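Next come two complexes built around chain A: one with chain B, the other with chain C.
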Partner chain A sequence: MRSDTVEKSVLSVKNLKTYFYTEDGIVKAVDGVDFDVFEGETLGIVGESGCGKSVTSLSILRILDEKGKIVEGSILFGGIDLTKISEEAMRKIRGKDIAMIFQEPMVALNPVFTIGEQIVEAIVLHQKVDETTARKIAVDLLRKVGIPEPEKRVDEYPHELSGGMRQRAMIAMALSCKPKILIADEPTTALDVTIQAQIMELMKQLQKEYGMAIILITHDMGVIAENADRVVVMYAGKAVEYTDVKTLFNDPKHPYTWGLLHAIPRLDIEQTRLYNIPGIVPNPLKFPSGCKFHPRCEFAQEKCRIEEPDLEEVAERHFVRCFYWEKVEEAKSKEVGDRR
Partner chain B sequence: MNPIVRIEHLVKFFPIRAGVFRRIVAWVKAVDDVSFDIYEGETVGLVGESGCGKTTIGMTLLRLYEPTSGRIIVADEDTTYYFLPSLKARAYLKRNYTERFRKLLNEKKSVDSVIESLEGVDRRYAEIFFREAKGSTAKFLSTLLSNIDEKRKKFRRDLQIVFQDPYSSLNPRLRIKTIVGEGPVTHKLVKGEKEAIERVKSVLEDVGISGDYIYRFPHEFSGGQRQRIGIARALALSPKLIIADEAVAALDVSIRSQVINLMKDLQNEHKLTYLFISHDLSVIKYVSDRVIVMYLGKVVESASKKELFENPLHPYTRALMSAIPIPNPNIKKERIILKGDVPSPINPPSGCRFHTRCFMAVEECSKVEPVLREISPGHFVACHLVGR
Partner chain C sequence: MRTETKRIIKRLLRNPSAVLGFSLLIFFTLVAIFAPIICPPQSYNPYMIPIATWDKTPQPPTAEHPFGIIDGRDIFYGVVWGTRTAFKVGLIVTLVSTLIGLLIGSVAGYFGGWLDEVLMRITDIFLSIPYILAAIVVTAFLGMGLNKVMISLIMFGWMATARLIRGNILQVREEQYVLAARALGVNDYLVILRHVLPNTIFPVIIQATMRIGSLVITAAALSFLGLGAPIGYADWGSLLNFARNWLLGSSGEAFKYWYAIVYPGVAMVLFVLAWNLVGDALRDVFDPRLRG
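Coming up: the complex of A and B.
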């Protein structure tokens, strides 16, 4: 997809920091994330629970709860900084230019309104059409996302649909205003694998048709490998590696990325033993000093404990936040034989 | 070698009640005629999507549910009647053994030839019936039911489970010492407080948790550590079989690999046997020796791990495998996308239950239910179209 279009950034996130001011202290949920989303492309954000991947997307749409604040950085969308504009201006963009689908469609859909009513609401709000036309658009959208008998389904309530169908309805709703960017936060995590395959296929097809950019947030490296063009790996609120998908999987440079890729059981290769990333995912109230990953990193040195590395461009368009990424390189070359 | 656990024609239906009189209006056919064996020291992977009955099998095996019908044999003992009320247990034993033995005696004329024609549990029970009880039903029943409390206790010790959610499966009000030590104390595997503490410390250290933490509460541990405690609790009784029901599904990727590796190490050290229940084929592939694939309450395919992953035959297994995203962007694989959703187990499709979503289905599939056939040694498939 990337090769035949001129790369044009539709969304540019720079040094984003979102903190939550809780009774227990400041939670630095997002603490330095940089990426660009290019037209028609899929940007994957991957990481474990608490790494800040979801908060990043909530920050883009500015739907954080009252404790959360964007404290630094910018989010440029079509020349405007979304962190600076008024709530009223944001409301015109939210749902129209940037739409979102969530992990649990049962929670994200309103149980007391029919699917149709919920889609029509969005259409009437952002487009100058009456309800009858909006309803027609809604039925067409439901057909497009592969819901059988859309004329009937449009009047059903969310609980009458299966998990996969609900997620399709969510996608229909998100697409109702032809957004430029679709944020998909763990869109298939709650679904069975055969249904996951259906939904990912649908999203790819719709992306082509609408030419929209997708921000795909997931913990599943497989979903990333098959769907993303570019990937941000997050750990403890920070982007630790950012590059295109092939480079990330073929040549990971951050020890965390490398560890993650070795820690997953895989269907495509024989594995004698999974790699252990020692320790636990850190508590966001008490992130470690220096490099946030150093207590779990087998390459860590004294410097990592004291100083925090920057996101550095180590090769063309390959950004890594690590002082000693060359050491990972050495370790990798040693066990190539084991992997292939 | 006899299997540690043998499940024969296991059926579990759940009633759906409605109306003022709570009458049964339908049945959820969660598990419908499933048979398999588990041998000592192996890991059997049970895989399938939600609603396929994999968890129900685990729960029924542990007798947290009573089976609707079928037989569960553990270490050469029929355990099916263990937890039935006395009258039902008697009826079960009469129906399954004494009446059958009498019938066989009529056919074969001599006690010896009846005994010889049987094997395993049946043979042992026939010997008890004809030799010890001298053909008396009452005596046979009293022999089997006299020490039922002990049998129940042994059963509970032999089969242990590790649950999916490490947050809800540990009692928040109990200290780790009690959580892990309760079993060994109840089953009198340890004498006195001192020995109990030693036992708890030693299993905790086996799972990689410091013995100094035994007076802590579950909330003081992370998710991965809690799952380790759950494993320690099962391990403390030296069980014959550990059922791991989605035991790593709720864990983060980096923690998941730690727990999977731990379970493998423990298996090597303690010669453990696992029934590993999961929806995740990649995890199943990594941990299992043998794999059973289920769909809507039925086994559709079972084989050794190597055979199943190299040569999957059932269209559902193939679709399931192809649906899993591969973490390698260099591979572009052909994907079989199944139509529609998994049908409801209340009203499963006729014939082959998979035919509504199958990309290979022919007319026969909607009419005739396929049986599980052995296609090559150890490789069983329930599909009309395989091997034709």
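Coming up: the complex of A and C.
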């Protein structure tokens, strides 16, 4: 990120904090997230439900509801800070430069309009073309995302398509203006496993073709392993580890990441019981003091309860938010020894 | 889309009460359109019922005056031209008050926050005033006449729509396709217009349809109280107002002047019935649980 001049960062999020001012108090949904998205690359954001993954993506597009506010930090896109520009200017970026696809293709398409009408709306919004041309582009897009008989499907309503087809239509809509960045919020969670693989494959192929960057948000470590180039692990609104995908899986340094990877069932060794991280995700209204993970952490010390660690670079391009990450190293080597 | 329309028509034709409702409505529409042919106007203002005789006593139906005569005026003429008045009052009042309700309700529902709070409290205040009473006071204040009645009915007729649409929008607003539209860069007003309203509008249309009928009754009630149309105006409520003094005939002949009440009354009842049946039919057709 720092020394590298070959890769070009298209989006740079620094110390992002998004709070929700609810009647029950302030919910610090995102409370310090840093990452860069490089051209043509896939950045994975992973974490449990409620860790702030989705709010991070909504913050980038600034489509939070009226209670949510970006209180700190910057989101640099092409030299502009997206947190500072006007709503009007932001609207021109949404859909055109940064597009988004959603988790539930069942409900992310408007039930009263045909697929075609919705794609045409997206095209006409950002491109100077008339409706007839837009419709042609829409049919081409549907063909490109692998929808059979696009000339016929274009006039169908969302309820006439299957879940996988709807997600393909969503992707077509998101790609209609050739965005530089595609945010995919759990794009395959609601789909069954065979369709999941197809959709991910399609996204990879389109990424190559369009040269766009993808921000892939998921709770599924498997999806991350197969698709991401770089990964941000989030816990309780904070980025706790940030590195490339190989390093993350081979050499996790944060106790939380280690726990997550540990919780994946393995076939190559005998396990009587699947490991799970003790405890539950804390209530965002009552986050613990100090390091947010300390009540669930087996390496926690007195210091973790009082002080909050910073995201520090522990190895080249490997950032960890933990005071005692070396202890994880020790535990790992011990575990490997045990297994042998 | 065309198959969808066909399916809707098919479903409507299967439902006898819908068929009855639409037939009645078509009948009334034809009467309203062809009023000048059925009863050629005899003065410069066709809405004024021509005076047939100076005898104020009601006179039973004859070949020349098939519905009889009340207050010296031809009831048939009044009923026929009154159809136009009924449509005019019902449609204009419903249309305008529904639009006002839509505007207030959708702004309150979509933007939420203090704007919602202010608009809904105003709605509450209007709702707390008894409808007929308020309409009477406002009409009396503005002065007599059909237009004044319509204004007062509009002023106190938008709240139900505002509440209905607000509630629906609060629900639809949370839908992911609204977020998806915003993520595409669609501006707030277009989001309301294209993504929120089409998904919330059907209950409003159904409610409005049913209200057209009941509004005619309210307007008639005001006319009956002498607040509506001027004397002699072709309006079912005014015809009933004439009949007020002749509700009961002389002793032994209680129903002597039946025609004075029955003809305008039946017209009104059928008109209301027609709109209610049509409203029911629309609800059956547009009910999202029955679609798809």
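The criterion applied here is as follows: the second predicted complex is superposed on the first by the 324 of 340 C-alpha atoms of A that agree within 3 Å, B and C clash if a C-alpha of one lies under 4 Å from a C-alpha of the other, contacts with A are read in each partner's own complex, and residues count from 1 in each chain.
Keep in mind that, in the parts below, a residue touches a chain if its C-beta (ideal position, glycine included) is under 8 Å from a C-beta of that chain, and two chains touch if they have at least 3 such contacts.
Because the structure is predicted, anything quoted here is derived from the model rather than measured.
On the superposed chain A, the two partners chain B and chain C both fit, without a clash. In the superposition on chain A, no contact is made by A:179 with either chain B or chain C. Applying the stated contact rule after C-alpha superposition, one finds that A:66 touches chain C and leaves chain B untouched. Contacts of A:44 after superposition on the shared chain: neither chain B nor chain C is touched.
Contact comparison for chain A: of chain B and chain C, B touches the greater number of residues. Judged by the touch definition given at the top, the superposed model places A:309 against neither chain B nor chain C. Using the contact criterion defined above for the overlaid structures, shared-chain residue A:94 touches chain C, although it does not reach chain B. Of the two partner chains, chain B is the only one that A:195 touches; chain C does not reach it. Within the superposed three-chain model, A:125 lies in touch with chain C and out of touch with chain B [touch as defined at top]. In the superposed model, A:102 makes contact with chain C only, not with chain B. Of note, the Cα-centre angle with chain A at its vertex and chain B and chain C at its ends comes out at 80 degrees, rounded to the nearest 10.
The superposed three-chain arrangement places the nearest Cα atoms of chain B and chain C 10 Å from each other.
Against chain A, the residues of chain C that register as touching in their complex are 1, 111-113, 175-177, 179-187, 194-195, 198-199, 292.
By the touch rule above, chain A contacts chain C in their complex via residues 58, 61, 63, 66, 91-96, 99-100, 102-104, 107-113, 121-122, 125-126, 155, 159, 170, 173. For chain B in complex with chain A, the residues that touch the partner chain are 49-50, 222, 224-225, 252-258, 260-261, 279-283, 285-287, 309, 319-331, 335, 337-338, 341-342, 357. If you check the complex, the residues on chain A that touch chain B are 48-49, 162-165, 192-198, 200-201, 219-227, 245-246, 249-250, 259-261, 263-268, 271, 273-278, 280-281, 296.
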